Every structure is written in structure tokens, then in C-alpha cells.
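Order of writing sets the chain letters: A, B, C, D and E. Residues in each chain are counted from 1.
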Amino acid sequence: MVKYNPKIWFSIIFHSYSKHVLKTLLPALAMLAGFSAFVCYLILDYFAFQPHEFQGSTTVHSLLGIVLGLFLVFRTNSAYDRWWEGRRLWGGLVNSTRNLALKLNAYIEPQDLEERTWFAKMISNFIYATKESLRQGVQLSELDPPHETFLQELKAVKHKPNNIVGQIYTRINTLYRAGKFTGDHLINVDKELKDFIDLMGACERIRNTPIPYSYSMFMKKFIFIYLVTLPFGFVTTFGYFTIATVILVAFILLSVELIGEEIEDPFGRDVNDLPTDELAKKIKDNVKEILSVR
Amino acid sequence: MVKYNPKIWFSIIFHSYSKHVLKTLLPALAMLAGFSAFVCYLILDYFAFQPHEFQGSTTVHSLLGIVLGLFLVFRTNSAYDRWWEGRRLWGGLVNSTRNLALKLNAYIEPQDLEERTWFAKMISNFIYATKESLRQGVQLSELDPPHETFLQELKAVKHKPNNIVGQIYTRINTLYRAGKFTGDHLINVDKELKDFIDLMGACERIRNTPIPYSYSMFMKKFIFIYLVTLPFGFVTTFGYFTIATVILVAFILLSVELIGEEIEDPFGRDVNDLPTDELAKKIKDNVKEILSVR
Amino acid sequence: MVKYNPKIWFSIIFHSYSKHVLKTLLPALAMLAGFSAFVCYLILDYFAFQPHEFQGSTTVHSLLGIVLGLFLVFRTNSAYDRWWEGRRLWGGLVNSTRNLALKLNAYIEPQDLEERTWFAKMISNFIYATKESLRQGVQLSELDPPHETFLQELKAVKHKPNNIVGQIYTRINTLYRAGKFTGDHLINVDKELKDFIDLMGACERIRNTPIPYSYSMFMKKFIFIYLVTLPFGFVTTFGYFTIATVILVAFILLSVELIGEEIEDPFGRDVNDLPTDELAKKIKDNVKEILSVR
Amino acid sequence: MVKYNPKIWFSIIFHSYSKHVLKTLLPALAMLAGFSAFVCYLILDYFAFQPHEFQGSTTVHSLLGIVLGLFLVFRTNSAYDRWWEGRRLWGGLVNSTRNLALKLNAYIEPQDLEERTWFAKMISNFIYATKESLRQGVQLSELDPPHETFLQELKAVKHKPNNIVGQIYTRINTLYRAGKFTGDHLINVDKELKDFIDLMGACERIRNTPIPYSYSMFMKKFIFIYLVTLPFGFVTTFGYFTIATVILVAFILLSVELIGEEIEDPFGRDVNDLPTDELAKKIKDNVKEILSVR
Amino acid sequence: MVKYNPKIWFSIIFHSYSKHVLKTLLPALAMLAGFSAFVCYLILDYFAFQPHEFQGSTTVHSLLGIVLGLFLVFRTNSAYDRWWEGRRLWGGLVNSTRNLALKLNAYIEPQDLEERTWFAKMISNFIYATKESLRQGVQLSELDPPHETFLQELKAVKHKPNNIVGQIYTRINTLYRAGKFTGDHLINVDKELKDFIDLMGACERIRNTPIPYSYSMFMKKFIFIYLVTLPFGFVTTFGYFTIATVILVAFILLSVELIGEEIEDPFGRDVNDLPTDELAKKIKDNVKEILSVR
């Protein structure tokens, strides 16, 4: 995630990310410019049509342009909703890890360092495992093993975050059966562990489910058809200025589509993705501080 | 559900699904093309109206086009919301099955394999029964009977997923009455079973309730009237180019409507439907792994 | 609620409901046609204004038309939200009645048929009472009295669904006091009864609260003014074709408004209303099957 | 709140409230009419500009008009959301008072009239106190004192609804400590009391937080600038008809803004406000009936 | 937060805040005016292009203007949602502090002033610490130490609000272990403390996560490109009036963007920010009154 001051326009417009966007769009823009020039030449010079033969054609593109604009806003909106929901879920993970740590801190004796360390490590492990399972797969090297065989045992497991939460559930139940936790403690702690699984599952949902294929395809086809027919519609009105106009319109439409694509899957390492590495670190520090574990 | 890379335009625009859409729309587009040609001939050649007699008529279609665009976005939006809610619900099923399995894993003795196997089978059975009850009806062959007479007993029942959850509820209450589960366990497990029923019921709601009839009808009538009057509005401005224009506009409007229809009921087996088969398989594997059952 | 196949356009556009809409709108459309004809005659023939005196007036109606379109979509949207919320609430009733029945089934001895029958009847009675209290008032004949004086006692009560839930609450508390239900059972069952009241209350809210008066009035006034001024704006551009244009625009605007009105109160017996009779029947069957009561 | 039949257009458009709106807007409309007339005179007669000097100026106002329309819909939308949220909250109060009464009815002995009367009075008192604390301040005369010194004690308290809920909380805890309520009862009743405070607090939030100042100001400035520049833009196209056009546009824009303002604070006594007096009465009757108290 | 009467237009439009906006936008408006003048001079006088060479160019800016308007409304909408969510969260803090105080008031003996004072101070401390941790950092001077070493101990802690809630959790658990609170009390109180952490965490989420960088950049680039190309598009139609038109359009577009920026982070001390200082004071007074602590 880029940190930026939203009030300084200049630095934003000429930011390096801006160049990245331009570079991505350049081939498409170049092709459209060439195509437009070709269409202009064909119609204005080769066939030399008279204006009244194409007159008023901007009407159709105006109308379709507005409809396309509506769809782009809808598409942008739903991509943003996914991104923001991803952020809410990670905010939820911050909250429920804090809550679990705070409750454990109150229920476990201050001097029982072994228990405290175990929970502090395992809560962080859950977060780090979740973070990477939303990318290419859990990085075992990021985890902090609470006992020696932990990593080996985990390697054999398919769904690693599930397994870690399972160990926490079992440990708490053991404390309960041993009389160290009362039933009321068990009920209070249960809410947080349920949240762990629910929040992780919701992240997996966003990660594994792109916008329906037919929408995505329709948007791209609509933009494609719109831009390809644009020079025909504008050529008699604008003459050779059509080329600049097409580039301008194409730049805006393709930018929006590009933003939508970049934001749809917010758990990666792109410029616009959520700072999950940072959040995982923050959670780890919070949990340790709360449980008074170094 | 089609898996696709949203960043590769070319393969998306010329994907086989694209041909499927074209094939579906072809009859309508052909009829409109013929109709437009007929109108053009009638007005331009047969009656040979002068432009000033139909002048400016594009205004009305511009205005109505924008209003129609607004309604199409609204319609697309609400179809997408249904689809996405369906996905949330199945995400919820992933979460609550995991949670139930994790809790049972903590509460049931590790060596009590009979109990563990029973629950693993029944949780999966609930999911598989739900999945197909949202299509044509529960497929008994997909279920994994925990005891011999299970399938026969289930055959006699009308609402099969209800019955399966009922058996789980009863089994847990029996464990509670026998003192194997405490009251606190009962309370914690109850949340997940409630979620089972709530999520399944919400899926049934989406499946059984299309968009209100009058909306659906209005959209279709509006598009129909719009397209049929379009050649009259455009003919004096565009001449015989009207035919191409009408096809372009029709293609876009009908595509949107088609997408809305396809996405509305997301639990089937269409290209755009949710991957519930895959999710059911994933849940089964998760539950088995969590409960350490082969 | 009309059942329909959204993919068959033809049968939808020429459905009998379509005629119903047309019949409702006919007087207004006829009056507008007459008024437009009168305006056309006045301006084109009686006063015989020259075009340049009214030139460009379509601009204002284009602009206002788009603004009006935005408001109609907003209005449609909020009417649809009410309708869909109504559906969610009834879906919620399906879920919570199922959950309550499933829990009672697990907690009550299988052979205690008296208790089971009492609850099965009373849960259904609650649903049937709610269904009609959202229309003209509870139909006592639809209820299934669990004891002889039940209907007479209920007749004396003002808010009947409240009373039925109250009896269920009391019965469960009696079972609890008698030691047949444990405290954990009481807590688990309490969630469903709370849902009963919350869902019923939310239905009453939708039923008793139309869209704010000033909005409803503003929409109608805006449409009225728009349609009445429309012939003045279009007459010089379209000549006598103005009449057809006004009818087309009026048909679309009034249809949308009509749909909004029909869907706003979704608990009645109109074509577009929710199938609450069907849902109540379904709930009754579900509950009986779950509690193994004939 | 005005009760009305949304299907009778005539009575709605010429309703007395309509006159109230007109009266409020009249000064502004009159001023704008005068200003437009002055601009028309200046440009058409005094300076007698030629059309080509101002040609096409309607473009800018068309464009800005649509943008303004979008913002007005957004503003209307968010005002409506506040109004509807207010309604949901009061619906929530109906529900949670019913639930509390139903639970108390089940848990308290039928013959313990003193306890029942106390709770019936105090629940109603909470609602009546909340209702008026959302206006100018609690009306002590509306309350029903459960003991003699109640009103005097309450007078000394700043936040009266808080205090009433506090007394209910304490009374229930006393019953619990005395063994009349079990712990399970306490847990079940706690949900409703929590809802009391949450719902009241949410009402206070809506009441105390208008739309951000900068939005409100921006909307008014935008409308003001738009209307004041409108005659300059339209004068060459419409001539003296500009005056009528400006009034028409102004009427629509100002009406929308007015509606937004009226609905924003839904707890007062305006025509469009929520019927909280009626709801409070309904709650009182419900609670009394449920607890069998006269 | 500015308090204002939304019905008095005059005072709002000419409010001092209005001057503040103008001052912020002045440099940009001045530059655009200069640039437009330069473009006009170049095209009208220096090169003296004929109208037909640039004819109709307003079409593109009309179209793009509407698309830009759609995006601005979307941007405004999402900024407002953040602001309003911030307000909901603080409303939630008001509610959960009240609820906790009310429950403690019921559960703690009236004469146990020490306990009451401790909780009253610590709840307020949590709010004051949260308030400032959403700005530059916790102001220790604002806190009310319940024991002498409190502030010193807190200074050593990184996340101060967490620590304060941790102390409350622990204190309540101690009361529970000592038998002063029952398990039912513990469960009821737990909900409120969970809310404390969840609400604070959600505020941190809003504060730390601006709108995605690529959106923010795109909006600014779009506005920039639009305004810079505007004079070219309008010059042949409006002549030197182009300058006024560009300023008008720029003022509106930049105002909207400015509002979005100001409202995005609602926890600061700007004119449009939430009155968190006032709310913290209100919570402190409420809690003290409820717990009968001076």
C-alpha cells in the first residue's frame, strides 16, 4: 500500500505509480491511435466522405458513453467494496486477536508464563499462516513454533490455519476440563475463536471468487467495441483531432478498468493491496504486549 | 464457474462463452436487423420522407436511453447482489462447518473414532444434501450413510437437510444428557447448528424468489419498445447506417439483460454459477482433516 | 406472486399482467394524448407559431428527464429494498421456526407426543396469525387450537401474535422450572423466540410505514409537471408526432411509478406480493415433519 | 406523519401539504422570477445581443444539471436512509419492549401483580422519556410513576432514560440475587436491556449529527450558483420563456433540497416525521396487555 | 464540527467556512483562469481558427463530464460512508460505556464506592485514550488516574487503550473469582468489553486506511485532464466567455474533491470532523451519573 498525502495533487499526479499505469496502457493506446489515424485517413482523404453522410453520429457514442460510464462506476464500486470488505475483515482479525489475548490475560494466572507464551505464539501463528494462505501458501519460516515438532506436524496438514485454531480450541478445552477455566470463561473465549474462523473464511471467499465471468467479459467487450467504433463516430465532426479525442477517452476508460482489476484481489503484494504484512506484525506486537510475553 | 485471468483481454473477449452469448442473441439481432432494414427502406425510399419531417428525433431516444441505462445498472446491481449473497452464504457454510468440526474435535475424546466419524459424515451429508436441494433435489447417492438404514429413512423424509441437522442436534443433546458434553459445550455448539439452518434457509430464499415479476416484465418491455422504435428515431439522421447502429445498441442492451438472468439463480450448473460442487468437496475434506477421520 | 421463466420474453411481454398494467394506465394515457393533441393544434395550427420561437426547448426536458430518471431509479430501488427486506424477514421466519422445532425435537422425549403436538400447533399458529395481522387482521379460522378454549381466549386479546409467543415462552419456562429443560436448553431456545418477535415486528414496520409523504408527493408532482409541459417542449421539433412521443414517455414513467406502488407493501395478495400463504403452509409442514407430529 | 393512499394521485398533488411546500418556496421562486426577467430585459432589449454571441450556452447547464441531479439524488438518498434508520430503531424499540415484557411475563409468577405493574410502568416510562429526550426534553407529566418519589428523584437526574433503564437493571438483579430469577433468566433478559440502551443511543446519534456541514453548504451553493447563472445560459435560446423555465427548474431543485431538510431529523413533530407518539402509545398498550396489567 | 441550522440558506452560503474553501481553491482557480485566457487568445486571436475547425467539441466534454460526475458522486459517497461509520462507532462507544456502567451499577453494592470510582475512572480513561490515539497519540494529562502509579505504568505501554481495557477485564475477573460477581454477571459484562475493543479497532481501521491510492490518483488525474482540456473544447462555442465557464466548472469539481478529502479522516479537529471531544465529555458525565460517582 502506498502511503500518501491526499491533499498534495502535484506529487500524486506525477507519482511513479502513475508511470506504471501509463506503461501498462501504452500498447493499447498506441494501437488505438494508429487505428484512429487509419480510419481518419480512409474516410477523410481516401474515400473523402461528405459530412452529411455521417452527420450526428456522436449521438450514439454520447448515449453509449453514459451507459458505459454507469457500468464502470458500478464495476468500480463493487471492486472497491471487495477491497474495503477485505480491510474490514483484517480489522476484525486485529480486534478478535486483541480480545482473545485480553481475556486470556485476565483468566490465566500472571505467573503462568508457559501458558501465556504458548497462546501468544499460536495467535500470531494463526495470523501469519492466514496472511500467506491468501497468497501462494503458508510460509512455515514465518511461524514461531511453540514446541519442537510443531512445524513438522503442520507440514503434513493441508489447511494450516484451521489446524492452528484447532490446537487453540483444544488447549482451552483442556484448561476447562482441568478446572483452570470455568464454563463462563469457555463461553466468553468461544466467541473470539469463532471469529477467527469466520474472518479467515471470509477472506478466502474474496480471494477465491472474482467478479462473475460474464460481467468481467461484458465490461471488456463493451469498452473494446466502444473504442473501436469511436473513430467512425467522431471522424466527420473532429477531423484529424479524432485521434487525440480517442486517446483521451480510451485513457480514462482503460484506467478505470485497470483500477478495478488491481483492487479486486486485495491480499497480494501490489501497490494497491492491503498492508497485511504490516497488520500481522502489529497483531503480533499487540498480543505479546497484552499477554506480557517478550 | 469459469476460472480466468482478468488481465488478459484478448482471451476473454474471444472466449468460447462469448460465442455462447452471441448464439443466444443472434435470432433477436437478426430479426432487429431485418426490421430496421425494412423501416429504412420504407421511410427513405418508399415514402421518401424529407429529413425535416423526422428531425431531432434522436433526442427522445437519447433521453430514454439514459433512463434505460440507469434501470439496467439497477437490474445488474440487484442480480449481482443476489449472486454475491449466495457466495457469502456458502462462505458461511464453509465457516460454520469448520467451526463445528473444530469444537467437536476439542470436546470429543481423540480416541472416540466412532463419534468423530459419525459427525464428519453427517456434516458432509448436510452440505451435499443442501447443495442439490438448491437444484433439482437431493442426490442420495452423494451421501455417506453413517449407519445402514440411513438412506432408506431419509428417503421417506420430505425436507432432507432439515432431517440431517435434526439428527445432529439430537446426537449432541444425547451426549449432553449423558454427561459427555457440559452445558457450556452445548451452548457453544448450538451457534453453529443455528447457522446451518439459517444459511441453508437463506439459500432457499434466493433460489425460490426471483426479482418481482413486474420489474422483470417492465425491463423486458422497456428494452423491446426502445429497440423497436429506435430505427424510426435514427433513420433520418443515419440513413442506412441505422441498421448497424440498432444492432450495436441492441447487442449491448440484450447482453446486459442476459447477464442479469444468468446470474440471478446462482446455485445451478451454468457457466456463471457458484462452484458449489467444489465448495462441498472442500468442506468435506476440511471436516475430515479437522476431526482426524479418514 | 407470479411464477415465470425469465428467459422467455414473448410470454412475459404479452402476459395477462401486462394487460392489467395497461388497463390501469389507460385513462391517464388517453388524457395525455388528448391534451397533447390539443396543444399541437393550438400551437401548430391555431396560433401557427414559427419554429424559431420555441427552438431548442427539448434541452430542458432532456435535462429534467435525466434528473427524473435518477429519482425514479432511487424510488424503484427503495421500493425493491422494502420488498426484498420483507422476503428476508419471511425467510427468517422459516429459519427460526425450523430451528425452534429442531431444538425442541432434540430436547423433548420422542414419546412425549402431547408436548410435541402443542408446540407444533402453536408455532404454526404464530405464523398464520402473523401472516394475516399484516393484512386485514388475524383469521381465527386458520388457527389450529391446541386446547378447547384457545380461540375464545385469543379473541379477547388485541395483539394476537404477541399472545401466542407469550404462551410459548411461558410453556418453555414451565418445562424449565419442572426440570425437564436445563438452563442451557432455555438459553438456546430463547434466541429463536426472540427472533419470532423481532421478525414479526420488522414486518409490521414495513407494513405500517410507507415512503415519506413528501417524497411520494414530490415524485408524483414531478412526473405530472414533466408530462404536462412535455408537449410544449416537443411540439415545434416533432409536430404532430409529439402525441406518440408523449404517450411513449408517459407510459414508461407511469409504469415505473406503478411498480413502485405495487411493491411497497409486499404482504398483501397482489400479483407482485410475497407468497406468504405458501410460506406459512411450508413452515407448518416443516415443523410437523421435524417434530414427528401428524 | 401523514397517512395517505399512494394510489390516488389527484388528492396527493393538491394536498394541503403541497400548499405548505409552495408557500415555503414562494419567496425564492419570486426572487428568481424577478431576477430572470431583469436578465432577459438586459440582454434581449437593453443590450440586444445577437444569438450567436451566447450560442450553445445550454450545454454547460445541461452538463452541470446532470451532475447536480446526481448530487441531489445522493443527498435525498442519505436523508432517506437517516429517516428509515430512525424508523428501524423505533421498530427495534417495539420489538425489544415486547420481548422483555414476554420474558418477564414467563418468569414472574402470574399472581405477583406488584412486580408486573412495576415493570409495565417502567418500560413505558423508558419509551416516553426517550421519545421526548429526542425533542426538547423529557416531559415528566407523560410518565407513570411506579412509586411516589419517582418523579422528584428523576428530576434531579440529567440523563433520564439512562436512569430508568438503570432502575430496571437493578430490580432484575435484585430478583436474581433473591433467587426468584435464575442465572439463565438473567442472561436472557440482559439482551433486551442492552437493546434498550443501544437503540436509544442510536436515535440520539441521528438526532445530534446532521449531514456534514461542508456537504450541506456545498449543495446549497451549487444550487444557488446554478439557478443564478441559468437565465444567462438560457436567454438567447428561449427569449422571455426563460422566466418560466427558470421557475420550473428552480421549483424542482428547491423541492428536493427542502424534502432532504425535512426528513433529516425524523423525531420531531413535522408532517414527515416518524409517528413516535403513536408508537409510544402502542408500546405501552402492548406491554400492559402482555403483562396482564390494567 | 460546525453547528448550523440547515434551513437558513443565506448564513450558510456566506459562512466563514465558505471563505476557507474559496481561499484553498483560489490558486488553482487563478491558474486555470490564466491558462484559459491564454488558450482563448491563442486560438481566437493569434491563430484565429474558424469555428468549423473545432465544431461540436463540447460533445466530448459533455460526455466525459457526466462520467466524471458519476465518479465524483461515488467518491463523495464513499467518503461520507467513512464519516458516518466513524459516527456510528462513536455512537457505539456511547452505548457500550453506558451499558457497562449500568450493569456494574446493578451488580456492585451501592455502598462500595471504591469499586464504583475505579470503574468510572477507567471507562472514561479508555474513551479519552482512544480519542487521542486516533489523532497524534494519547494525552496522559487528560486521564484520571485511579491509583498513583497508573500514569507511569501506562507510559511504558505502547498501545494504551488496549492496556486500560485489559485492566478492566482483569478487575472484573478478580471480582468473579472472589465470588462478588457470578458467572452470569461475567457473561453479561463480557459483551460490553468486547464492544470496547471492536469499536476502537474499527476507528483505527478508518483512520489508518485511506481510499486506495489508485482511486485517489485517478480522480485527481481525471479532474486535472478534464479542466486542462476544457478551454480547447469550449473556446469556439463560447469565445472569451470560456474563461468564466471554466472557472465555474472548476469551482464545482474541485469543491467536491476537497469535501471528500476533508471528510475522509473524521477523527481530527477540522471543521467537518466528528465532535469526539464533546462525545468523550458526555460519556464521562454519563458514566459518573450512572455509577453515582462525583
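Definition applied: a contact is a pair of C-beta atoms (placed from the backbone, for glycine too) under 8 Å apart; a residue touches a chain by one contact, two chains touch by 3 or more.
Note that the structure is predicted; figures quoted are calculated from it, not measured.
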item	value
Given subunit A and subunit C, the chains that contact each of them	B
Subunit D against subunit C, contact positions shared by both copies (same if over half, else different)	different
Relative orientation of copies subunit C and subunit E, as a Cα rotation angle in degrees, nearest 5	145
Centroid spacing, where centroids are CA-atom means, of subunit A and subunit D in whole angstrom	37
Intercentroid distance (Cα basis), subunit E paired with subunit A, Å	23
Multi-chain contact sites of subunit B, meaning residues that touch two or more partners	62, 66, 70, 183-184, 187
Pairwise touch network: line, ring, star, complete, or other	ring
Touch list for subunit A against partner subunit E, complex	1-2, 4, 6-7, 9, 12-13, 15, 17-18, 21, 58, 61-62, 65-66, 69-70, 72-73, 76-77, 80, 83, 87-88, 91-92, 94-95, 98-99, 102-103, 105-107, 182-185, 187-188, 191, 237-239, 241, 245, 248-249, 251-252, 255-256, 258-259, 262-263, 271-272, 274, 285-286, 289-290
Footprint of subunit A on subunit E - complex, ascending	53-57, 59-60, 62-64, 66-67, 70-71, 74, 78, 157-159, 162-163, 165-166, 169-170, 172-173, 176, 183-184, 186-187, 190, 193-194, 197-198, 201-202, 204-205, 209-218, 220-222, 224-225, 229, 261, 264
